[in-house]
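Multiple structures are listed underneath, in structure tokens.
Next, two complexes with subunit A in common: one pairs it with subunit B, the other with subunit C.
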Partner chain A sequence: MTGVDSATNGSAAAGRVAQLNPAAIAVYAFVAILAAGIVFGAFMTPGFLTINNFSAILTSAAFVGIIAVGSTLIMLSGSLFSISLGTTTAVTAILFMFMLHSGVAAAAAVTLLAGTAIFAIQGALVGLIGANPIIVTIGAGAIQEGVIGWLSPGDITPPPGAGIDFLARTIFGLPFSVYVFLGLALVLDLCMRHTRFGLELYLLGENQPAAHAAGLPVALLTTAAFAVAGFCVAVAGVLIAGFAQNVNLQVAGTYTFDAIAAILVGGSAVTGGWGSVGRTVIGALIIATITDMLLLVGASTGMQIFVKGLIVTVVVVLLHLARRERRSP
Partner chain B sequence: MPDTPLALEVRGVTKAFGPIVALNNVSFTLRRGEIHALVGHNGAGKSTLVKALAGVVSPDQGEILVNGTAVTLASARQSQEAGIAVVEQELSLVPALTVLDNILLGRVGAGFRSRRDDRRRVEELMTRLGLADVGPDTVVEDLSMAERQLIEIARALSRDARILILDEPTATLGEREIKRVFAGVRELASAGSSVIFVSHRLGEVLDLCSRVTVFRDGRMIASRPAAEMDRESIVELMLGKVAEKSKVERRGGGAREGLVVIDRLSAPGHVTDFALGVSGGEIVAIAGQVGSGASEVLRALAGLVPDARGRVSIAGRPMRLGAPQRSIRAGAVFASNDRKSEGLFLRQSVARNLLATRLKAVSRGGVLSPGLSASLAQRLAGLIGFDRKRLGAAAETLSGGNQQKVFLGRCLEKEGAALLLFDEPTRGVDVGGRADIHNLIRHAASKGACVIFASTELDEIMDLADTVVTMFAGRITRIGRRRDMTAADILAEMTHGATNRAAA
Partner chain C sequence: MSARDDTSARRTPASRRVRTSMPYVLLAIMFAALFIFPLFAGRRASAFNVYDALQLWSAYGLVALGVGLTMIVGEFDFGVLGVFALCPMIAVKLGEINLFLGLGAALGLAAVVGFLEGAIVAKLRVHSMPVTLGFYIALLGANLAIGNSQSVSFSNLNVGFALDARLAIFSGRSIIALIVFALVFVVMRFTRVGRDIRAVGGDRRASRMVGVAVDRVLIGVFITSAVCSALGGVLLAYSFATALSNPGLYPLQFAVTAAILGGVSLVGGVGGAVGIAAGALSLSLLQELFSLLAAPTYLSSLITGVLLVIATFVAAPNLSAWWRSLRSPRPGAVAVASAVPEPASK
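Presenting the complex of A and B:
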């Protein structure tokens, strides 16, 4: 046994150097992608370096970003991610539209509560009985799509004079949703850094058996992480309803992938315990910037998806390599 | 059977891991058709020899001969080709597959043989092992542990293994099941295979084996016919000289009689009817080999065994088993024997690791107080003798000894903690760190807590315990004051045979 110890001591120096790797490589990777993208975009793309375009980037980052910052809690707590982010976004958007005849405030309250509850149930399944989060969220997504498709096929439009125009309003040149995104991100980031709940989520994501043995409330924490993500998804649903004016199950398009991509490109560990909400904000901005540039140069939808897929893959592989190097001694 | 030819000869094998010499010029011979026991206490070198024969570690010096020919065993495949098969304590069968598929799984160099031939061979093997009543199409998860153990042996034999190494095959088996496995092993030996039986259970060793080889501290100490040995003489050989420290009797601070009372604690398959009363300030060792149930007693008390049953009370208040949060609320704190996978949060800072179980105490209204966190982390660092400047370092950058101190430090001076449970508290810790950790544990006891630790190491038990509880096959074999027991007594109880002496 002591042999193992001395071996560890011997490579301690190497371990310390390698320890810089995940953070370092991840940060270098963002900076490189972002810088290269902006420089390329600035010089090659007519209309990139304009105030209007930056506002457009932030706007497109906002919806995905709101979903992504909430889902970051799921990933940091070690439960991977939800596969039904887009579905629940659409479901909550539809629910909000449907409830509008009872007034905006009531509709928003019901919608936020429903989004939170839908996710909390899935979190409880994952936390209490150790169900696989991917499978639970795929199943839950199918159930939601089925129920909505059954109850209300087709588009839903708001009743006349519903008073939801404010959701799409622009304040100081930026849409309402951008402020909501940044506000939520700030609150969640502070919460993860400075509250007992946040720290316990990190510990749970770092080592689930250890968290269990140490008496942390594993099931409750997992449920809470999902609940927060569900709340954020419902917020995105409400904002999209206000923005789109008519909603259906397809309204959230590729949001599931985009939100997961934002978290991964931000560099948080897929397996949990390491990363931050702030990183996800950066990830969402990177994805939005690149999407914007591809739009400006007139890339096809296929090209956009291809580039996003490529970036996610490269970042995930880089992070994996960095961590493996650090673990190897 | 001194005239039968040698199946295996190990000549002057030495293997060192860094400064630790695990095998020191070891020689060992195994005759054809022999069942040969390999015994020795922890760290004696048995498992290193087994690993060398399995092709997992390469010796630094010496040679290994199979049937009189020198062989190189640099990989598991070469070992398999030399006709050596190791059956591990942890079974490697796939529960969802049939017996036939499990036996054929991962076979090397079989070429293409018809399924019918395979089936016939497997049926033949199973009949030889006394498993004729188990069909080759039975799914493994429907079999008993003994049957699985025998299937594992059948798998080794299907690869034409002539030298079979059984590493603690009986640790998880009941008495009747053991008989069944032994019958199969005897059958093999009489058909000309050679068996090395690695075990802590001396009763079984004497029952099954024709020859006994004893290792101690990496050396071969003795190799004699089993008929010339008994339990006492083997224990004596295993033990050599253990320093019988005349330890100064520790004064417990304000001993509270019966602070912790455990009655009829059972963990199905691991522990049966464990009962113990512990006073405040007392340090109790549960001495038992792997599989004895010592570790599971602590895990059950920590709430980590969902189906554990029994009555436990701390300071007169009953504690319900089965959930770690309940145990912690009742005042029981547990440190696992596996600090890496069930203890530390390796990528998190030392400070976070120290505070992980008492975040409530350092937060106000759910918000962490940097001041309270820092002062508590610094106090605990001082207590465990850890450099305060390194509180921000990730736990994984520490040495094994420091990691263990941080892990145990988390359990210390916790408000309301009356029962400290340490499973192998110094596993993977060097000599200096070990002394420090022992002092920490003594200090915790002197503040009035009950300490129960599980250990397989006699030095540690002799050094630290006030009371020793020995366990064998899930039951207590003896409870006594440490000062009334010798290391030999404890080892004899840990390696108990079939009898169950009443608690002293």
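Presenting the complex of A and C:
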């Protein structure tokens, strides 16, 4: 099975070939239980089946989702994930707020450029010299925290009359960020399926030596995957800045692991080459739905995070088993 | 992250010597820096500062030992962050009833977590990063749920006093950590287990072929990793008489940096307890230097990050190939030819 095949027809092929083995049955069983749980919970949880609540779910999925769809490209290209997603989100939010005095458009442009560049540099390190992405991104995160601590102590608030209200505006009942999330996801998903760049990324993630041998520009592709992720992180940073009244490094919060969890729950392979941006959207929505449900029944924050971790672990193990069976029947 | 190429075989002896001596050179530099730099600021480092650095070392150094061991065996353990958060909470909560009950429950829980992680990674051959990441998130959630999203204080202050009592440059805490490091060193150096650990990290498939009990080694390493990190966290919590609701990412940042500076490679098969101890101590001395100079905290993140990126360069598998490709007339071809293909076993 080639990279392109598995990329474009991955889920369909998996379904057909793997139908008979126990691991695949376990995956379907888990998906069925999860779906049943959500449907059951939907009817049992007071206040779940309301328009307002669906809007709340989409809203809470949006920020994490924007970060996650971009980072999906890193994972699909075989470079695992970035551990500094949250930090760069905070850094870009701070930068945007700081640059607002020179106009919204200029601030947004500079921020998006900065986010893209910060990640592209890390991607270049990973792609050119084969540096480990986990270590590079941990290091880059520490450097960014240091630089921000040095340049901007404390909170940053927008200047009066900054004109960033539109970032937090609601259009047809949904916040602006939801449209950005779905739009970015659509563009990236189409890009991964139908452009040469996307297919090459899939091949790189599926089999790096083969990608090398085929003469693909491995370093450039890795850099580009990181750059796209950085762009998305910066988009999230701008939107978060528009939402919040003041920003600081604490904005980073749990975005890093929430975004990675969304990708993993979506079912993309952590080693790359298999999965899709669309899956990440589903993963982000699943996590947001379950978190929302737990919130409505009054579960603590800790409980919500605990369940999230459990789901990530179970999904990763089950999907791995299903894929392994498919590879060696 | 299963079978991997052996980069050490391709490296020239000179660069290998540099790499193996790097942790100790760095440690010497940090020691010198701690005693020289403050002089310019009109301050003077004393034995107390070394004691203080060792206090830090005893908490985060043990995490570094855990993460480092999993890196040597060719895996990675995000779960250490989880046990570092949850186990101190258990130790403090149950420690109110009985100190040894708390300690035993905390370390027992860590062993169970390590066993589960190791079993999943070894038996089901799942990539360790996403699995341990899931464990980390779940354990952190459990910690927040138990502690009600708040730090919990420990009423038995005497334990902390006893652990922190100063003996020259050591304390009870740093002596316990030292003993753990020594135990791991002895096992790694003088028993078959140590050889097996490095073999599994170097070439897992070959290790299986020649009869190394790969699964048992992996499970053992994950248990050790979790127990070491938990011990570091519990000692810190008893010492501060507080279990934190969320210790954040700092322990992992410290641990990975210390392990890498200590000569551990993420490729697997390289490194040992002494190197990790040296790497962790270098970082601890650096922190102590900063606090002695009353330097702002951002400086220490900045330097940690820069050190990590530099270490990445040193540890990068394709660095020499890339360098050669820059100087060769046909860049692409050389880079391709010299990059040893990693078997696509996922």
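In the analysis below, the second predicted complex is superposed on the first by the 293 of 329 C-alpha atoms of A that agree within 3 Å, B and C clash if a C-alpha of one lies under 4 Å from a C-alpha of the other, contacts with A are read in each partner's own complex, and residues count from 1 in each chain.
Throughout what follows, contacts are C-beta pairs under 8 Å (C-beta built on N, C-alpha and C of every residue); 3 or more make two chains touch, one makes a residue touch a chain.
These numbers come from a predicted model, not from an experiment.
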Point to revise | Touching partner for A:A32 - first (subunit B), second (subunit C), both, neither | key: neither
Review point. After superposition on the shared chain, which partner residues are touched by A:A213: those of subunit B (first), subunit C (second), both, or neither?
Key: both
Review point. Is A:L49 touching the first partner subunit B, the second partner subunit C, both, or neither of them?
Key: neither
Exercise for review: In the overlay, answer first, second, both or neither for which of subunit B and subunit C A:L199 touches.
Suggested key: first
Check your understanding: Is A:I129 in contact with subunit B, with subunit C, with both, or with neither (first, second, both, neither)?
Key -> second
**Study point:** subunit A: partner with more touched residues, subunit B or subunit C
**Key:** C
Practice item. Could you say whether A:E145 touches subunit B, subunit C, both of them, or neither, answering first, second, both or neither? Key: second
Review point. Can you pull the subunit A residues that subunit B and subunit C both touch?
Key: 206-207, 209-210, 212-213, 215, 273
Review point. Which part of subunit C faces subunit A closely enough to touch in the complex?
Key: 1, 76, 120, 124-127, 129-131, 133-149, 249, 252-253, 256-257, 260, 266, 296-309, 311-313, 315-319, 322, 332, 335-336, 339, 341-342, 344, 346
**Study point:** subunit A - residues contacting subunit B, complex
**Key:** 1-10, 12, 15-16, 19, 194-197, 199-200, 202-203, 206-207, 209-217, 273-274
Check your understanding: Which subunit B residues qualify as touching subunit A in the complex?
Key -> 17-20, 22, 43, 302-304, 324-325, 327-328, 334, 336, 341-348, 352, 356-357, 359-360, 363, 366-368, 394, 396-397, 399-401, 410, 427-431
**Study point:** subunit A residues within the subunit C interface of the complex
**Key:** 80, 83, 125, 128-132, 134-136, 138-150, 206-210, 212-213, 215, 257, 260-261, 264, 269-271, 273, 300-314, 316-317, 320-321, 323-324
